[in-house]
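I am attaching a structure below and will ask some questions about it afterwards.
Chain IDs A, B, C, D, E and F follow the sequence of writing; residue 1 opens each chain.
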């Protein structure tokens, strides 16, 4: 059908499926109810851009702590949307530009490209890096901030529709800079909350051979960190579990590393 | 007649009607007496520029909270004025310029163009974005500020007349920067004040099928926000109402969203 | 005679009479004794540059609140001087320059031109705008400050004489920047002081049809502002009076507007 | 075999063995158990990049006081890894670039080169110098910071694997700048702790002719510094020992110099 | 003789006598003993540069309040020195340069020129303007500061001798910037101290027709300013006296103006 | 012999003897034991670079108050070293460069040149001027700081050896900027301490005709400054003594000048 035909030429317009899928190498694990809620919220935005009459564009900010899965979820929503034009804008895709002015022009160019399609989605990954924020100074790129806010608030031309998903792990910075008010909606992406959720992940991924190993790991984490709360992002959990397989005592090593992270983020 | 003839070639000079109308997709709803007063004030400025003897130009600042309808009202006044030259200057129209100096030159060019017509109107939308303001730092474009203040205070050449309408949601910033003193007059554009005004909007737009639905929505807002005051811009009200139609329980969802906004702006 | 002959070619050197006269569209109204004193002080500077032996240049700063008539008075003095070279340097004439360095070069060029005439006058209007001052930061153009101070203090070549009149509504800023010490003399230009002076203006301009209307307006101002002091610039008074003619109730509308201004500047 | 064949052409890709070896002219002395632990941790990172399935890159930060051996250990790990592409990026290799933008491009170029090899290692030596940090101001290169963080977090293309080792003696600066969160793991490299470790070094290097000389030196250090703790980097120890040979009284001179360093770093 | 021959071609090297003399249009009046002392100190510097064996250059800073006669005295010393190369470097001579780098190059060029003569004198007038100092910020040209300090401390090549006289009315700024330590000697140039000195000046210049007029003026000053101290620069005194001749009541007007200055500088 | 042959072509590589000798026009006077110690320390660095096996470069910082003889001592050590490549890098040699980037390139070029000789010495005179430091702001050249630190810490290529002597009178600034940690060793150069040392200098130079004159001068200094401590640099002492010969009362004038300096530096 027509949409499939469009999909075949999609790489010419923007991101192909492979690029999007590379953003969630471990898939999407439903370790808590919040995952479903996030995906629902995302798909509602997708639908509202697709069908609404007078609103030609919507922008949504996914925010949450480091490694909590923001990029993965945005890419997942994009893949499920079947929009004919999808583009993933990452800091890495901009690192080769000379300076903030070149980055600004590139960002503007991508929006102009998106405006050409009847139905487009842009994922702006890692806003704090886009605006070249660093916590000392403060220093940031005002041209990028001005351009982002303006583009977030500008509807595409008549007959065109645009959804913007953005991610950040520095929501309070975005608040201070008044960037959040340029978004229509915000979706929080929480870290893994407690040992129960952690257990669900370890089980679903088969990180450890037996349920007993999983339990051992969970107990070790609890005894190291003296607590049931976790507060560490799922990306950290999954990569640590994978690396632990190389270690002599996987569940022990895993627990030690995760406990360190728990302590670190607690403070 | 002559004015119509002029209107036909208007696109060559500045904004055409379609562009202006796109600035108020939901039309202008008379949900309170203040709307009429604002339009009267605006038309008085239009008339005074048209007929006064010694005053060749006037500048008016429309200020009010986010989404309160500033741009829509300015565009509406412009359409009603029937001036032969009208131009809408938005941050989006400047986002492609390299830097503040290029923006400054463009702004200057537009004024020079306007000076060529016997009767011109310029709408400078979103002053805070024009001057590249961000709340951290503070950082802003001094060349744009100097240029704006100078152009706001300079009369066109003899035999030419100019009306400038500008909008801002950051009036206190404009005060601090002494930009407000460059305006001849200011018109406040308030947010939707209370549930009564909110009800008037919902009724007039037919956002919900029956008066009962409207009442349900209003009651839900009141119970969520524990108050009769609203303080949210009409744009937010209208777009939220439209999106709510996609939801399973429109009036419930609408009330929840608006209550969030009420709480947010109250603080 | 010779001076008239010079006047004929004046436009080639600097400002023509029309340009100067455009700076005081409402003429000069003698609403208080201070006007006469200011004009006397100005003409004394004119004479001293014309005849003194060892002093080849003098610089005078006219300072006062917004709209108090500084530019008008400077232009009036220039017209009365009959100097063969007169140039009015306004921020508007510099708005097209790329940056502070281009402005600096232009300013230098004008002085160099003035040095070629045996007897020259330069009016530097609105010093705060010349130095690109804004109250936040603080931000200003150091190249323009350095250039201005140097040019203000440098005598023209032997056999040439130069008078510089400058205006500012930010005298304390000029004090802080040590720019005032580069002037030989300062002339304060006060706002309209009280209802008596206001009445004199309204009468002399015939802003209202009958003396009764004038009285009604004065009484309305007094009752709105609860005071006899005015403290508003004559430009504001005159333009408000003109606009009020379009209103349904001119004297009422006039009083309301002026009272607002009185309150604003009082704080 | 294949790896050897690759090794033969290695100089064309990156660092040759000689360059790496020049980074530890005094070899690696096992004066405490921490050395072994550091090397193990480093080799674990090497292995995990080589074999892991879903993780295509890992970044490790070696941090410790001045002269503690960070660069030597990183170079040693690189040599032992036998990766086909290894590159040592030092501040000295960047000193010839015009400015931060040229440095940024060079850094980006090196990463792009590394991405071409199936298995690459980059050593980024002396992060504080890379970002042009100085303690007064603060002043640093935001483009370098943004580029470093982005490149540290970006995986190489599919089918390619990358290990990044970086060194710094300013870990708290890196923490403040949020650069540490871009690393997957951190390895501390401590200074020489106490006289026992100092003695082990002096013995193993044969810095002094007889054990009695070593003892004399240790006793002299203790009596100068009034303490058993040392807290001086191994590089300082080794170079001071070498220079002391030129002195008339080697062990005396050595003790004096080391005691000065102990006192300096204690404060 | 040889020196005279040199003098004839002097204009090609640097300042001619006319240019120097233009710096003291009113001559040098000996209104107090300090004038003689200043001239002696200046001539000692002239002599020491001329004859000393191992010292090839000397730099002297004349500092004092505005209008106290610093430039006049420096020019006078230069004229009396009969050095074959004399150059007066003023802010006005640099106002046409594009930016601080162009000024720096020009300054360097002048020193290089001076190095070519066996015996050279440079007058650097108004150091605060040279370094583009303004009191808000603070803002100044670091390239000019670095260049000035370096050039002040660098001896000319062997066989060449150089005297540098500089002036400033901002000595404390020069102290803060460590510029004063680059000078070998400092000479204070005081303002006119009291009515006795003021009287001496008025008598010696014949500013007023009769001694009675002088007395009248002095008495008027005393009664206006309530004091015998003056603290105003001689330049101000002389130009005010000259202008007063145009006034209807010269001594009255003179006294009023001077009293204003006295009050101003007292605060 | 070979070294002499090299010496003959030395000017092509770096400094010739005349240039070095010009740095100590008054020779080196042994007015206290510290002079000998400084020279010994310097020669030890010379020797260690010449003969040590694993250490290919050493850097030494001479620091002390203004005029204490730092540059003279560095140049003297260089002359005694007989290294085939010696270069004196002064602020004066860099004053002609456009900006900090050009200076940085020049510095880098000199190091690259030095790396070509088997045995090189670089004298970097006046570090505070090299980094364009001024005490207000603070302002300094970060590119120069980064380049200096990097070059100070980088060994020359294999088979080449390099000694770096640097001077500064702003050691605490260097400490704050972490520049001192880039040096291997520091040598303090004290001012002339007391009247005894001052007497030794006056005697050894024959500044005054008879021992009685010396005593008279010393007594006068003591009575002016009320103290036996001096704390003034030897350069100041020697040049003041030379200039005093032109004065009518040499010892009196000398004492007065020196006492002023003592007082100044005491505060």
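Assorted remarks:
Everything below uses one rule, namely that a residue touches a chain if its C-beta (ideal position, glycine included) is under 8 Å from a C-beta of that chain, and two chains touch if they have at least 3 such contacts.
Remember, predicted model here, so these are calculated numbers, not experimental data.
The minimum number of touch steps separating subunit D from subunit E is 2.
Rounded to a multiple of 5, the C-alpha superposition of subunit E onto subunit F involves a rotation of 60 degrees. Work out the mean CA point of subunit C and of subunit F, and you get 59 Å between them. Centroid to centroid, with C-alpha atoms defining each point, subunit C and subunit E lie 34 Å apart. With each centre defined as the average position of its C-alpha atoms, the distance from subunit A to subunit E rounds to 68 Å.
The set of subunit B residues touching two or more other chains is empty.
Interchain contacts close the chains into one ring where each touches exactly two others, per the touch definition above. Remark: ring traversal beginning at subunit C, heading first to subunit E, gives the chain order C, E, F, D, A, B. Looking at the complex, you find that subunit F touches subunit D at residues 44, 47-48, 51-55, 101, 105, 108, 138, 140, 142-143, 145-147, 149-151, 153-154, 158, 176-178, 181, 184.
Remark: subunit D residues 22, 25-26, 66, 90-92, 95-96, 98-99, 129, 132, 134-137, 139, 238-239, 242-243, 246-247 touch subunit F in the complex.
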